[in-house]
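The same chain A turns up in both complexes below, where it pairs with chain B and then with chain C.
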Partner chain A sequence: MAEGWIPGDIALILVPVITLGLGLLIGYLAQRSGFCSIGGFRDLFLFKQTRLFFGYMALIAFSFIGYLIFWLIAPHIIDGFYWSANQANPFKPIPGSIPGLSVASYVILALVGGFGMGFLGVILGGCPLRQVVMASEGNRKSIFFVLGMSIGAIIYHGFILGLVQGWFIAAGLGAG
Partner chain B sequence: MAHENGQERTTILKKVAKATKVPAFLGICIGITAGLIQALIGFGGDGAGGPVAYGFCVACHTRDMTNTLVNAFFGAALFAALPVLTLVGLYIGGRGSAHQQKEFRIKKSKWHVYLFYTLGGIGVMVFALFLGGCPYRAALRVGYGDLTALIGILGIIGGVAVGAVLIFKYLQNPVFRRDA
Partner chain C sequence: MTEKQLDITGEVCPFCLLIVKRELKNLNSGSTLIVKLDHPPAAKDNIPAAMKKAGHRIETKLLEPGLWELHIVKQ
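Showing the complex of A and B:
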């Protein structure tokens, strides 16, 4: 149904190559421009600077335009564009998130996740992309940040996922 | 004549080089390539795999890379959507640009700063996976029409506001300074 222009089995082999190329391009441009999403909001609040903020706004606007263009060309690939509008549950969980919870719990999780990420990002001086770019500029503490992100992924999927799911179900926010 | 053409080309190249220093240029690049990548690979449904609006995400792609490696070497069964190498590309691309701009500089810190950043990385990753993506994938999902991601971005703005107030208060503390 949602197979792309490249046939499925070839695409699976090409995924590392394509993402590596995209990473090279974005890493190069991010180092040149100092792009940072959390830094954009921070500079707006603290210094009234809009340079990075407009970068993030351009990302939101042009991701919509980009998906719209390819949705017009190939609507079957951009599956469920206007995601919320054509789902029975507008806050449908995405793959990888905690399964088996109700609508309210996904709203709570998004708010808590966003708040924590924004707070920690501002304290540590950058969003994940900025930290990776700072690591590539020779900043040792950002290398430890990226290491921490890898450890966090293992901890999340091995341990926290089930724990938080249990909490939400115990609080009566399970699905159904 | 040929000399004039060469001069014209260098001014155009200079203009392009100047445009790449504007953050909005990168925002446009990520937005369009995210759509292109989904059209090529076909995320979601029965395509090569992966959720929709998955073109670029630092947190999710780091998660996928780490979990793929852990699964391969230690026989675990952690969730990984796609075998991606975005993180490696970001590091090499940023490093190439840093060398080109002569901005590559090793900055060392004390061990407790390293510990603080490692714990911060764990925290940011866990919170990002609660939201279902780093700020970049949240932006892509908003572009895709996902309301949950919009709420997540509102959460990010709230978190940054609280953190910015704290930074304003404790700007003297070296841990909170960017060049610490």
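Showing the complex of A and C:
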């Protein structure tokens, strides 16, 4: 889990096991609750149904709380959170991030990616997590969604990320 | 009292509920709309919740894994 907190060789085994366990729990809860972040906003605006929306808000709230609790327990593990919250110059690169990408460029990437995921998620019937759950239930459309999403991520990381990074540096949004 | 069949297999949220709402508008009170669909969130959550909220009677049948039939009686 971290340098010094848990011996390296134990962490090598512990982390995958805990990750798999938590993944199974999240999958089970998502399947049982029908959780869908995009469905939350879609149903709120289109049908005035708030069930999924409140589920999504609870997820955001509890992930913040969980993050802060974890930060109190082991601050040396997640100093990035504290660093970006206190970063005066949004154009300075984040320690450990891809060389050249600053907070500002990540915000732009997040907005573009978020808009794309939201728009396409509504058209395709659910957010990525919901689609993964439905794919595991045998829903054919969702299986193709998950396949496309995975291939898209490989293509972006393999061929497009370098271009985007270059644009940001050329536009002066890279290393501040 | 009419009975209308509606097959929306292949459709996904939000279009499932939008189509059902549009079809219900054209029916008279007491008529039954039988909807066949294969999108889990619509069959299990959205449509039943919206129909109950609007006061219609709804009965959900699982025809086979991943395929549902909803019987909606317009109020």
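Annotations for the structure displayed:
What we mean here is this: the second predicted complex is superposed on the first by the 136 of 176 C-alpha atoms of A that agree within 3 Å, B and C clash if a C-alpha of one lies under 4 Å from a C-alpha of the other, contacts with A are read in each partner's own complex, and residues count from 1 in each chain.
As a convention for this text, a residue touches a chain if its C-beta (ideal position, glycine included) is under 8 Å from a C-beta of that chain, and two chains touch if they have at least 3 such contacts.
These numbers come from a predicted model, not from an experiment.
Comparing chain B with chain C, more residues of chain A are touched by B. Residue contacts after overlaying the shared chain place A:49 against chain C, while chain B stays out of touching range. In the superposition on chain A, A:25 contacts chain B only, with no contact to chain C.
In the superposed model, A:34 lies in contact with both chain B and chain C. When both complexes are overlaid on chain A, the residue A:170 reaches neither chain B nor chain C.
Where the contact sets of chain A with chain B and with chain C meet, they give residues 34, 42, 46, 51-52, 122, 124-125, 137-139, 141. Contact residues of chain A toward chain B in the complex are 1-6, 8-9, 11-12, 14-35, 37-38, 40-42, 45-46, 51-52, 54-70, 73-74, 77-85, 90-91, 93-97, 106-107, 109-125, 127-129, 131-133, 135-142, 144-158, 160, 164. Considering their complex, residues 34, 36, 39, 42-43, 46-47, 49, 51-52, 122, 124-126, 130, 134, 137-139, 141 of chain A touch chain C.
Taken together, the chain C residues at the contact with chain A in this complex read 10, 12-14, 17-18, 38-41, 44-46, 49-50, 53, 65-66.
Contacts from chain B toward chain A in the complex involve residues 20-53, 55-56, 58-63, 66-67, 70, 76, 78-79, 81-98, 101, 103-109, 113-115, 117-136, 138-149, 151-164, 166-168, 176, 178.
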